[in-house]
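Sharing a structure here in structure tokens format.
Letters A, B, C and D name the chains as they come in the text, with residue numbers starting at 1 for each one.
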Amino acid sequence: MTSPLLNKLNGLDRRWIFLGMALAVLSPILLQIGSDETPSPPTIKLFDQIERLPEGSRILMAMDFDPTSAAELYPMALGFTRHCCLRHHKLYFVTIWPTGKPMIESTIKAVVQADFGSGDRQYVYGVDYMNLGYLAGDAVAISQMSSDIRKARPQDARGTSLDELSIMSGVPSVKEMDLIVNVSAGFPGGKEWVQYAATPQKIPIAIGCTGVQSTQLFPYYPDQLLGLVTGIRGAIEYETMLAAKYPNPYANRNKRPAFLRGGAQRWAHRLMIGLIVLGNGIHLANRYRRTPRR
Amino acid sequence: MNRETRFWTAMFLGGCLLLAFQSLGTERGVGQQFVVRVDATTGKIIPAAKEASDVSAAVKTVIYEPAAKGDPEAIWSFSRTAGIWIAALLTLCIFSYLYRDNVFYKLAESIIVGVSAGYWIVTNFWEVLVAKVLVKLAPDVARYAFLPDTPTNVKADYLYLVPVVLGCMVFCRLIPKIAWMGRWPLAFVVGTTAGLKLTSFLDADFVRQIRSTVLPLVVFSADASGGSALDWKQSIQNIVIVISVLSCVTYFYFSVEHKGLVGRISRVGIWVLMISFGASFALTVMGRITLLTMRLQFLFDEWLGLVRI
Amino acid sequence: MDFHSDTNAKKEIITTRVKSGGQSAFESLVFVGKRPWDCRERVRFTKKTLAMLLFLVVFPALSLADESAGSTKQRVWFDTGKTSFALLTIAICATVIICTELARRGKPFYVRPIAGLLAMEEAVGRATEMGKPILFVPGIEDIKEIDTVAGLMVLSSVAKMAAEYDTPLEVPTSRALVMTAAREAVQAAALAAGRPDYYNEDRIHYITDEQFGYVASVCGWMYREKPAACFFLGKFFAESLFLAEAGNAVGAIQIAGTAETTQLPFFVAACDYTLLGEELFAASAYLSGEPAQMGMLKGQDFGKLAAIVLLLFGCSLATWDSISPRGKSEEGQNLPRRSQWITDTVLKGG
Amino acid sequence: MSKTVPILIASIVGFIMIVANFSPPLLPVRQIAEDWFTIVATIAMMLGGANLCLHHLKKISDREAGWGFSTVTLLSFFITIAVGLLKVGAVPESEQQLKFAWSGPFQQEGSGFWWIYQYLFSPIVSTMFALLAFYVASAAFRAFRAKNVEAILLLLTALIVLVGQTRDREITSLFLPPPVEGALPYFPIADLTEFIRKTFVTAGQRAIMIGIALGVVATSLRILLGLDRSYLGGDE
């Protein structure tokens, strides 16, 4: 007994699956279908901490990602930076990824300079924020920073000596930070910041990481980690909270890059579920066909 | 002409038509990029009306920053517009690999191999050889040639000659007579790796992981009346964690046959591993989809301008 | 001059393994070891060696130690806070070394079969039958990751099999130092297999340091050359699935192994055999067939036993704490938990 | 000599690193070693570059299939290096740096090297990464089939987590009574996902990590004791 449909499905070219995936992701983008998220406790914790810190607290923004992981992490970096600027904290940008430099620069440009670069409470470079740039040496760079920033890097990303920046006075090492916010795409990243800076120096740390990395970082939460924002879902959660607290202008669609990616997410997940069910359907049908019948 | 060729020719022509319509028929155009000129030393914007030759005479260092089309000081940027087009076409070249290996993919592949190898050499040249080695060995040279901000009171640290010599010994392999010396840097690197990782893995992966698994199997928590009540949720969680870890560790046993009790426990171990793999796989899907979303957004928003994000 | 030589014993084991083949080979494995004093050969120091060593290692280490110690008033040579960790390190290392010595002296150890390792020879054989090349990817990280070193160690075993069958083995690398090491390993394997002319430097080449640039090139090569067997052993990140799916599309037997826990699911889903974590490190010991190295596996098992005992003991103490807390001392302070002895003293860490 | 010295170097350096972990005055040695590694690796990278050139030059001179693509590779390699080393289009950023023509940052926005990164390097690399979305789907379709107990567990957890990850998880609370006013909505599958993550995923990883640590110890000892010298090549 043969079934033409089953034969066709057994020999299904994987390129049809590729086409299905392309359609599942592309249609929500073209039709502008987004998706919201209910915030989860690890995300709420970071949000509350940034809310709770008194104005002008020092926050180290460690942006350890590159263009390849920017899809998940850039919206997150924007959200964190926006929130810190709204609360008027002092920001210290740094990266231990050589490819992280342009990420810092575009975050600064898109948030600090575009949204908070003017007005009476504007952000001034060297006073309210600064960019340490790229520190080579992976984990070594982190432990160097936590003992002496100037030893790790005597100048900022623009080549200005750290002693000339007023924001750096009274900041000999990472110990003086009130919070470390790390956006991490892998190694070196979140794990190293926890192991070499946050835990030994007892500084609260929150990490925004990719979905892949979350399983590796989850064991550190909540003892060694204050908050953990995971993947695009975490970014959507953060945007949802920002939009609820500061609806003007952050409830606006064009300030919510992660929200727009949520729709594609949902449809792609539905496709994956459908594929797994279909695959098992084929498998069971094959088994049924192979069993000899009396 | 067979069916496949006909299909792809039609797709290609359709794409060209769409591009032509978008770039000629819409106000936004396709991949058009605008910049403002900024004086790097003062940070001031140079008005768009000024001619390029006047600007270069008056301002020594001009940098360009992206700007919106409507910005009064914005000028059209050829290099960035061309860049967006090239980036978009290369993106399509890579996507074509999904269909099958073809000339376009090969082209993109050869470009990325050459560009990325060069990229890392250049990056490491500036970030390591200049910023680390040269600054340590000859700070004065570094200050005059590349890094004017190198502090003047730094003395040369000749200890850094050792890694340089070691690094150069890698090239010994090219000369048969002293090829054996090429193994020294390898031995040094592998030796340090072994020494460093031995303690760091024992600490982070052995001691710490066991420590965080030392959990009470029964958990009580304070209830509303002040007494203690069994926290069954936490208790179950702890019991599952401890049993899972124990059974998985048993699975990894090399010197005991997986028979009898050990066999049964290690079977539970492999089940736990499978559950964890299934979950990790599914947790990753989200990230991968996001990457694809971003690439498609680049094509349809930044390049074609079909959607506005 | 050889640092240790038990080549005869090694040969014997390899022949038994190859002859009997498969699972039974491991079961019938009885080590023919030598006494330790036969294995150890004296190392002769020449003046040149000593001078180089002094220059390379001892002098910088001492001068650095001097520099950093100069600032503190008193030089403390041992960090007493790390005593328990030091003892633990010594205990684990000693167990492993003792087991090695016992294996060398001829004590037989049982080692369970690992499917992925048994399949390696089969994969090489299949490539030979089909007249197609073998692909070996030693991960995408540099040699400073121990996973890469483990991958290279397996490479030497795979290269030896491939040399015996005279099947081309392609090793593209993503780091220059890995390329150098891989060349050394393959050259040595070709010599050991008695086919020095098998070694072809062009087959082991550097592509680019960039993760996806490297993958683009390797996958393109896979599509064009259609290897019959693919080995992915080393440190992998996101490209794991990429490589495995490309190999799957060309119908290759795929054997993967990594200690990167995030990538294991993809290898498990897309490859025929996967070495999970520790098995990657055990692989080269297994494949070498040397008694000394096999003894190490036994030593590792004692480490696992210690982990299990510590866990059981710690959890019982913690449960006891939970059921009947220790209450307060006379000064009114909470008494430390009983399990604290395990977590804060025995497992203090470094 | 050719073999003994490298083994001695590896053993001595390795043991110093272990001892340094426990001895405060020696502790900086570990950091210095990592620093040195970066320098050695960077110099070795030049060897890699040379190898790349030779590899492709050979293809071109042999007129191997696809030698034209080798030309493209070599061209893009040399152009990138020239643009990056000469800092084409990079300008000094502050007044005091004006007299140093080469002082501009090499990755400055608008410079040639930046252009190469932005419009050649980055799009190709991120598109390669994006292809994984397709491969995740095809791997799941092929591999997640209920062949045995292990495979059933694998696919069931994957399904549960896939549903629990997006807002589609709300479907599972359809059969529950509506939540009490003011309480957070309750989604059984989201809780189940969280439970799997906190227990099985964590436990599986921990067990693997414990095993890995022991594997690393054994592998390191093999190197330090000179038992495995495969990375150092054979006797000549």
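Assorted remarks:
As a convention for this text, a residue touches a chain if its C-beta (ideal position, glycine included) is under 8 Å from a C-beta of that chain, and two chains touch if they have at least 3 such contacts.
Quick caveat, the model's predicted, so the values are computed rather than measured.
The chain closest to the protein's centre is D, with centres computed as averages of CA atoms. If you compare C-D with A-D, the chain pair joined by more contacting C-beta pairs is C-D.
Rounded to a whole number, the gap between the C-alpha centres of chain C and chain D is 18 angstrom. If you average the Cα atoms of chain A and of chain D, the two centres end up 17 Å apart. Taking the mean of the C-alpha atoms as each chain's centre, chain B and chain D sit 8 Å apart. Averaged C-alpha coordinates give centres for chain B and chain C that are 26 Å from one another. Each of residues 94, 97-98, 106, 108-109, 112-113, 115-117, 119-120, 123, 128, 132, 147-149, 159, 162, 166, 170, 183-186, 188-190, 192, 194, 197-199, 201-202, 204, 206, 209-210, 212-213, 245, 249, 252, 273-274, 277-281, 283-286, 289, 291-292, 294-295 in chain B touches at least two other chains.
Counting partners per residue, chain D has 1, 5, 7, 9, 12-13, 16, 18, 21, 32, 34-35, 37-38, 40-41, 44-49, 52, 93-94, 97, 103, 109, 117-118, 121-122, 124-126, 128-134, 136, 138, 140, 142, 144, 154-155, 158-159, 162, 165-166, 197-198, 201-202, 204-206, 208-212, 214, 216-217, 219-221, 223, 231-233 as the residues that reach two or more other chains. Multi-chain contact residues of chain A, defined as those touching 2 or more other chains: 14, 18, 21, 25, 68-71, 136, 159-160, 212, 215-216, 219, 233, 265, 268-269, 272. If touching chains are joined by edges, the resulting network of the protein chains shown connects every chain directly with every other.
For chain D in complex with chain C, the residues that touch the partner chain are 1, 3-5, 7-9, 12-13, 16, 18, 21-29, 32, 34, 37, 40-41, 44-49, 51-52, 55, 58, 121, 124-125, 128-129, 131-132, 135-136, 138-140, 142-144, 154, 204-205, 208-212, 214-223, 225-235.
Within the complex formed with chain A, the residues of chain C that make contact are 211-212, 237-238, 249, 261-262. Chain contact summary for the complex, chain D toward chain A: residues 31, 34-35, 38, 93-94, 97, 103, 105, 107, 109, 117-118, 122, 125-126, 129-130, 133-134, 136-138, 140-142, 144-147, 155, 158-159, 162-163, 165-168, 184-185, 197-198, 201-202, 205-206.
Within the complex formed with chain B, the chain A residues making contact are 15, 18, 21, 25-26, 29-30, 32, 68-72, 98, 134, 136, 154-155, 159-161, 195, 210-212, 214-215, 219, 231-233, 254, 257, 260-261, 264-265, 268-269, 272.
By the touch criterion stated above, chain B contacts chain A in their complex at residues 98-99, 123, 127-128, 131-132, 147-149, 151, 204, 209, 212, 279-280, 283-287, 289-297, 300, 306-309.
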